Amino acid sequence: MLQYAGQRLVHTLILLWLISVFVFVLMKMAPGDPVMIMLGSDFNPESYATLRHELGLDRSVLIQYLVWVWRFVRGDWGYSYISGEYVSKMLLQDALPVTLYLSLGSLVFALIIAIPSGILAALKRNTWVDYAGMGLAIFFNSFPSFYLGIVLIWVFGVTLGWFPTMGYHPPAEDLTKGIYHLILPSFTLGAWYAGLIARITRSSLVDVLNENYIKVAKAKGVQGRALVYKHAMRNVLIPVVTIVGLQLGGMLRGAVMTEVVFALPGIGRLVTIAVLNREYHLVQATVMVIAIMFILVNLSVDVLYRYLNPRVREL
Amino acid sequence: MGRNEHEHKAKLAETIRGDLVTRRAFLKGTAVLGAAVAAGRAGLLAPREVLAQQKAKRGGQIRVAWIDTVDTLDPHFTSSLGAIKVHDNIYNGILKVDYDGKRVSFVPDLAEKWEMPDPVTHILTLRKGVKFHNGDDFTAEDIKWNQERLKDPQVKSPHGWKLAYLDKVEILDKHKVKIVFTKPYQFLPVAWTGSTGRAGTIVNRKAVEKQGRAYGRNPVGTGPFKLVEWVENDRIVLERNPQYWEKGADGKPLPYLDKVTILLIREESTAVGALLAGEIDGMDLVPFQFLPLLEKNPAVNVVGGVEGNYTYIGLNNRKPPFDDTPMRQAVAFAIDRKPIIEQAYFGGAIQACSAISPPMADFYNLDQCSSKRAQYFDLEKAKAFRAQSKYKDEVEVEWMVVGGYTGSGGVGPRMAELVQPMLAKIGIKVRIQLFEQATWHKKRNTGDFQLYDEGWVADLDPDETIYPEWVTGKPWNFVGYTNPEFDKLVGEAQFEADVKKRKALYDKADLTLALDAPCAFIAHFKVFKALSKKVQGFKYLPADSMRFHAVWRA
Amino acid sequence: MAAVRAGTIDTIEDAVGRAASFSQRRAMWLRFTANKGAVVGLGIFILFILVSLFAPWLAPYDPLKQDYQAAFQSPSWQHWLGTDSFGRDMLSRVIYGNRISFIVGFSSITIAMVVGVAMGLAAGYYGGLIEAILMRIVDGLLSFTPLVLAIIFMVALGFGLQNVIFALAVTFIGMFARVTRGDTLNLMGEPFVEAAQLLGVSHLAVIRRHIFPNVLSPIIVQFGLNIAVAILLESGLSFLGLGVTPPTPDLGLMIAEGRGFIVMAPWISGFPGLNLVIVIVGLNLFGDGLRDALDPKSQISA
Amino acid sequence: MADRPAVLSVQDLTVDFETSQGTVNVLDHVSFELGEGEMLGLLGESGAGKSVLADAILRLIPEPPGKIAGKVLLYGTDLLQLTEAELSQIRGKQIAMIFQDPTSALNPVFRVGHQVAEPMEIHLNLGRRSALQRVVDIFRRVGIPSPESRVANYPHQFSGGMRQRVVISMGITCHPKVLVADEPTCSLDVTIQAQILELIRKLVTELQTAVLFIFNDLALISHLCQRVLIMYAGQIVEDGPVDVVFETPRHPYTQGLIRSVPRLGVRRLEPIPGHLPSVHEYLPGCRFYPRCPLPDKDATCISTRPPLELLGVGQRVACWKVRPTHAQ
């Protein structure tokens, strides 16, 4: 077990290193640099050159990379060239919580909607309930989040005025207000996810219900709810958890769009703007954080998976 | 600087006429939008009516969406209008822009009195009892230090050049300072304004020295509001500065508002949605395509007018095919500005036939377009020029458009899309190529392009609108235009104190520029702000500013 | 429910199986057609392809033809889907929009599949260092948010159709590689593979003859499912203004452009959006059908 | 006929299935009786529909696609008429089942102890603890070593043989009156097979449980059971005391079957020509007809199903051409 953990840790580190190099090179490949943005229309060759030098952007890419790594591992994540703000503050204090709340919100939303409807569809297999449910599921699974967002804003935000159209309020400060502001974004982001989960839940429950051990349980006199919720559900959850985990990455994809459309100050929007502004420090750090989050998610999914599935519990 | 009344009236009339023309054409073009635009337009030509004064109310807060991006709150380093609009509320300048609804003027701000014993010497008598947000007193020392900070090559302020002719700053006493220049630099008044000038904005020395690079996020000024927090991509919160020196209508110190929350929403449609849903009280910029929508809305005031700007299509004078003058002239005359104003600016602009724009009242020629002296649309003329070009057969060129998620309130690629077919008519095949901002800036700044569109905004003096842009080798002359005669004219104009003479110089220069056609001038566009009707006391300035000094919430 | 199990179903199924002893391919086809959704999906899919291929013949107008007098017209007999802010015919633009989506979706996923499968086979078959290296790279690719990766690529490469395709292709390589490697590993234990190796068949031959055919179906399934994802990503990029360049009639671009007129001219963003949704729904249904038909045991991995 | 009072009596049990190729018949009017404590064997090739019969008796066939007709009388109550709720009171208590494939029969995510205890929790409403206690005893009886610790294990931690024992104990926990053992040993190697069968025999004699053994192995049946049913393509073709049926098989299929089985003193095997028809090829009449060696087989054989006719000494045969001796 220990040795396994160690191995895994090593892999993770190699992975992070690879990513950092990858992104660094790509960003350096990209034409233009932050100084161009900083000067904007006030550009003139002298201040350009001097500013570049001051920011150490005129050094060789390798040196720049090494400097970055050295500082990064020592916890000095650098600052925004343009605003002078510290990356750690922008990223961890301002942006990260937003994205976490958003993802959490949509995940909760998705699970609440998806799993019951998936079960219902499976039990009422090949009835109109099934068709309607799965129809909706695939519909939401196919709705581009940015377009869904726009529609929701204009229908429920502007026209009906039921929900706020944009902005973020930290739920930590004011829970109801925070949640109220997260409803439309969570729906936008969660819909796609809910569709997916509902479909897996259904198909996997259908499979499990055909399993022999379910018949055996029947033969033992188990019936009705107990059959589904006790004997089937655990087995259904195994694939569901796996996919849920695998797709959290896809969730972040949606997060970029959702944050852009709803003007949420989250990681997705941060990194997008950072890339466009060539905020090297910010991009590196954000990508690292996203990767680490991704790895942590996979880890927890593994743990959960092991808990649910005794067959892989050894090791 | 005295000018007689009727001349302004005439100027305004021309502005309106240009406006009416475009509106009529616009109506023809797009029934739905046109009507709406027409409805709203009347209002915004007389901004003051829109904001009929009532009894000012103290307290409360407003939430305003910013479409423009904010880079830094250090005015000596900013290069974004979005930031300057914030500075206006945190800082004061030596001078400030004033607008009586007809003409722009520059009046003392932190300076109480501004005397000029001779053309190069300025004696400023400063206001007493002005305090910085951190409690420091504002004194002559601060003027000296700020001016020197800007000029100091070590500091590398991109605005240093505005004080290129600064000779020395002498402190006469705690509240009196003498600033001597080597030349009678006519652009100075603008440069010294707190807003777009940026060279007159006074920052707090202690704070700058303490914060270093982080000052841009921890500004300390003398303005009516102080910064509370700046959450990345989310909001900038300003709070009332209780010890602000300016007095309100009720004799008590300004500002009326306790708090101003600036929401950093780049996503235009989202901001508009929020405004219509009543979640926010205003927008710093109304994207043209939303004009009709907002102007129709009874709860919203749209404020704005033609400002000191011009947009143009830059033609790279160094690269074929536009290294050939007739070719450039062909382009200048082949472009029909009307559809562009309808389709790209949705009526929110007037034609530009040369660089100098209406708000530069002393220099703008009312008949600039009608006289057909400068650039205008004439396909035959264009074809004639094209025929003279050394490039006989069809040429294919790349038009560099800034794209990407920049949230800019501009017209984006629309202009290029509209001009593409027009140039096809004179055998120029345009390939539109998007570049996100960093790349675009690099290519522009290094002259690595054939054709691109750009605009200079919030200019108040012909010098800033022409000199750095078109004089040989100047930083913003990206197309590499060079004409010694032109350089000479604008060079003289910089130091010509007599307005009449100065105008004569600029008339000549402006015309030369238009006919050399280093670029094709397109429009002087209007800059609109949308404010909820609840927001009272907002004073419109044709310098793209959002000053909340005297604003209150009804 | 076709998976082989002990008990009733099984007995029946293989009875049936023996009965109409039809080929495996036919069995797949039957399983596919038995799934109504899949058939609908296939229908949409085919329609999508046809529209994309014959866009020039189907489009009533030139999708780039501007006509200021005709701007912002609501749907009419003349312009079924109305016109946009440049007075261009929306129907024509939407039709061409499908073509763009089609090109992007297919070419990017195809590239990703070729590269990814090659990597997966190599990693799974040779193992050892090759596997270690390849799989770290794959993990790297996979631990990116697809969109973020695409954005970084677009910025590094610049805008334009072929770059979008490339950027998307890169983001999908990891997934193909992982799937292929997994199945390859499972096959390595199989007697027929070992036998072939013992008989001294060259590695490439073993991979080509014995491994590849057996890992094919999950790959095809992934192909089917991920075209939809690719198209979504592309429209997303274009929506952000980081994708193809105007005036290219691209669905994402059209939605982005239509945003500004969503109240006064909702059709400008509405129809492209609707079209996009329908296409994606179709592709998803089709992909699911494929999955159920080709490898019933696998789970959704949209 | 069973020489003891019938516990279970199956009458004209018919099962059809909806498949993508239309409705197919799998069980065709199956009738037999099971006496108290009796051990009845059901013999047939795989695909003959044995498992379907087993499932049909406990009504475990999913409906749809399945369709069950006929009667399954347990102490006179027809299981097919009961509601799911009522049925579940009986399943596992009065009538239990031992499943073919222990691997798929055990739920991978639950501890075996719990899985075995479940019927007792349901029917004898015992608490977990005491139920588990009993499981330990049962495990000991079925010969699972160190049962105390094993109850806490998961299925994948058992060997095939042990799993089978678990499945068996699951069947007998509540001392059912009837036990349906569907090839309980098919997955095991011979030595273990012997042990398991011995075990079952021991248990049922103790518990006085009547068992329906399902096998495709003639030897096992002759070794275990008193009576045997021969099934072909969903029809019972012969029924009688083991020794009688195997000594003097009367149905041509049974005869072929026995001739094709290796036994001492028989030099060469004669496999039955042809193959088991698919459900689609089933004839309305005698389904063995295509392979039937009898010279005088005729149209009636094809058109109408031969009923099971008693030939004396409790031997019943379904064949138009084999009629009671006195008739000849």
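To keep things simple, chains are lettered A, B, C and D as they appear, and every chain counts its residues starting from 1.
In the analysis below, a residue touches a chain if its C-beta (ideal position, glycine included) is under 8 Å from a C-beta of that chain, and two chains touch if they have at least 3 such contacts.
None of the values given here were measured: they were computed from a predicted structure.
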Chain at maximum distance from chain D, centres defined as averaged CA atoms: B
Pair of chains joined by more contacts [C-beta pairs], A-C or B-C: A-C
Most centrally placed chain, judged by C-alpha centres: A
Distance from chain D to chain B - Cα centre to Cα centre, in angstrom: 92
Rounded Å distance between chain C and chain D, as computed from the means of their C-alpha atoms: 50
Gap in Å, rounded to a whole number, between the CA centres of chain C and chain A: 21
Two or more partner chains touched - positions in chain A: 30-31, 150, 154, 211-212, 215, 260, 272, 276
In chain C, residues with contacts to at least two other chains: 5-9, 155, 158, 240, 259, 262-263
Residue numbers of chain B (touch at least two other chains): 269, 404-406, 436, 438-439
Chain A-facing residues of chain D, complex: 55, 58, 60, 84-85, 87-93, 96-97, 99, 101, 104-110, 118-119, 122-123, 154, 156, 167, 170
Chain C-facing residues of chain B, complex: 28-33, 36, 268-269, 287, 289-290, 292-293, 339, 342-343, 401, 403-406, 412-414, 416-418, 420-421, 432-436, 438-439
Touching residues (chain side chain C, partner chain A) in the complex: 1, 3, 5-9, 37, 136-137, 139-140, 142-148, 151-153, 155-156, 158, 228, 232-233, 235-236, 239-240, 252, 255, 259, 262-263, 269, 273, 276-277, 280-281, 283-285, 288, 292, 299-302
Of chain B, residues touching chain A in the complex: 70-72, 74, 77, 79-80, 156-161, 213-217, 230-235, 263-267, 269-271, 273-274, 276-279, 404-406, 436-443, 445, 456, 475-476
Contacting residues of chain C [partner chain B, same complex]: 66, 68-69, 71-72, 85-86, 154-155, 158-160, 240-242, 245-247, 259-265
